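Letters A, B, C and D name the chains as they come in the text, with residue numbers starting at 1 for each one.
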Amino acid sequence: MLRFTYPRRVAFYETDLAKVVHHATYLKYLEEARVDWMRQNDLLHLHAPEGKIVLAVLETQVQHLLPAYFNDVLRVELQVRLERSKIRFRYVVYSDRFQEKPIALGETLHFPLNESFKPTRLPEALWERLEKEIWTEIWP
Amino acid sequence: MLRFTYPRRVAFYETDLAKVVHHATYLKYLEEARVDWMRQNDLLHLHAPEGKIVLAVLETQVQHLLPAYFNDVLRVELQVRLERSKIRFRYVVYSDRFQEKPIALGETLHFPLNESFKPTRLPEALWERLEKEIWTEIWP
Amino acid sequence: MLRFTYPRRVAFYETDLAKVVHHATYLKYLEEARVDWMRQNDLLHLHAPEGKIVLAVLETQVQHLLPAYFNDVLRVELQVRLERSKIRFRYVVYSDRFQEKPIALGETLHFPLNESFKPTRLPEALWERLEKEIWTEIWP
Amino acid sequence: MLRFTYPRRVAFYETDLAKVVHHATYLKYLEEARVDWMRQNDLLHLHAPEGKIVLAVLETQVQHLLPAYFNDVLRVELQVRLERSKIRFRYVVYSDRFQEKPIALGETLHFPLNESFKPTRLPEALWERLEKEIWTEIWP
């Protein structure tokens, strides 16, 4: 089974004085992966600023298993599913430095808001895409 | 009961195109509060770069209840406790815009590493301080 | 003569692997000082999101003389003047670590845009305030 | 003549409430381009953390001509030359949204420091590479 994968090289400015990537930066990597998933599935035009919805972030969770260093090449794999009217993304982050061991596990939960920041319905194209996604409870 | 409180005004550069504070920024606010707690308790000299340990971040979790906007004055309240050799911080973030309703709940779990990034013992002064801290399971 | 001064403590996440504050962060400090100058002069309500103008950034310049470290207390001093329809801010950044030697010199040039990002006139209250400001060519 | 070019897509978290990329982020784009130039020229191992020098930033300058928006694909072109013992990079940033008009012009000046943050000599391989670089005063 092939999972959606987003590659990302660590920038110098993403490290901190402990010489590793700062933990807040991981949420940026997860967002980039999520946005890329939408882009590859031709869904990005539904989201602000081009589209009318914002997938507001309700919850984030990250577990850090191994550090990431400047110039490492990371890859973020993700899966996504509908949970009633919410969307859950689950992520596993790997690094070329540690091969098959994940360096971080993440989860974000989202809810669609309209332009006035009120809850709204999911666009149909997004709904349809989500129905086709495969979710594996035991992962990685 | 008076909880440790860290006040923080939202900067312009911390907002995103949805006009609210970006969710990754909350982990920075929690870190600032955590560092301030160490500073106020005269523990900061134990931590890198002045001291020899780093409180590595093992887990982070944030729940977002209400948005934060440019120029809002937030206050991060926190409690902290030892969990075996780990340290858990729990945070409640308030905003002057929403008064008594929290805008976010957070949690971070830490582990002391030495300068070579190996697990190490907690400095005694930190241990002693943690033993005196009060933790309330039901909060807020 | 008393210059406008904005104090700012360096956060952990603002450092990089060279153990000093990353140079891009200085533009954030200058922005915070500029915003605070507007706040103290009761001008912030004129600017987006509360007001209708944005002071777009046309140019930035920073000279780095000495490094800033985690937990240092910086102070950003500034002066500001009208240059035709543009506004120039000049900044000197000091650190408690180096006393009277500046650690950085900065300059930013701004132009008022309206909500559709078209050039617009300066709000009168801002104009009046700028006319009263004192500018010293030789500084510091 | 083919200039060194670094492509970069704008991330969501790099925008601010004015819906454009925040000006401090441009210095991060320039750094990424500079690092990529070193990487492509097999010079990155000379720089911290792998190598012993840090190319400290002495000066930065950015002129903003047009805005950058979420999801735009930017490309940073650069040229570089020795100025006595300093290294100057000059950058022109383009966007797929505005085709041949640059959206920003930048410049950064650097100086080699050793691990104790004292001035040091340029590594020979870097020196040799810089001697081969072509610099055009009138650009773009």
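As a working rule, contacts are C-beta pairs under 8 Å (C-beta built on N, C-alpha and C of every residue); 3 or more make two chains touch, one makes a residue touch a chain.
Because the structure is predicted, anything quoted here is derived from the model rather than measured.
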Centroid comparison with chain A (C-alpha atoms), farthest chain: C
Contact-richer chain pair (by C-beta pairs counted) among C-D and B-C: C-D
Distance from the mean Cα position of chain C to that of chain A, given in whole angstrom: 34
Intercentroid distance (Cα basis), chain C paired with chain B, Å: 28
Separation of mean Cα positions, chain D and chain C [Å, integer]: 23
Where chain B touches two or more other chains, by residue: 12-13, 17, 19, 24, 28, 31, 49, 70
Parts of chain C lying in touch with chain A, wherever the complex brings them together: 12-13, 15-17, 19, 22, 24, 70
Sites on chain B touched by chain C in the complex: 11-13, 19, 28, 31-32, 35, 39, 44, 49-50, 69-71
Residue ranges of chain A touching chain B (in the complex, touch as defined): 17-18, 23-25, 27-28, 31, 48-49, 54, 56-64, 67, 117
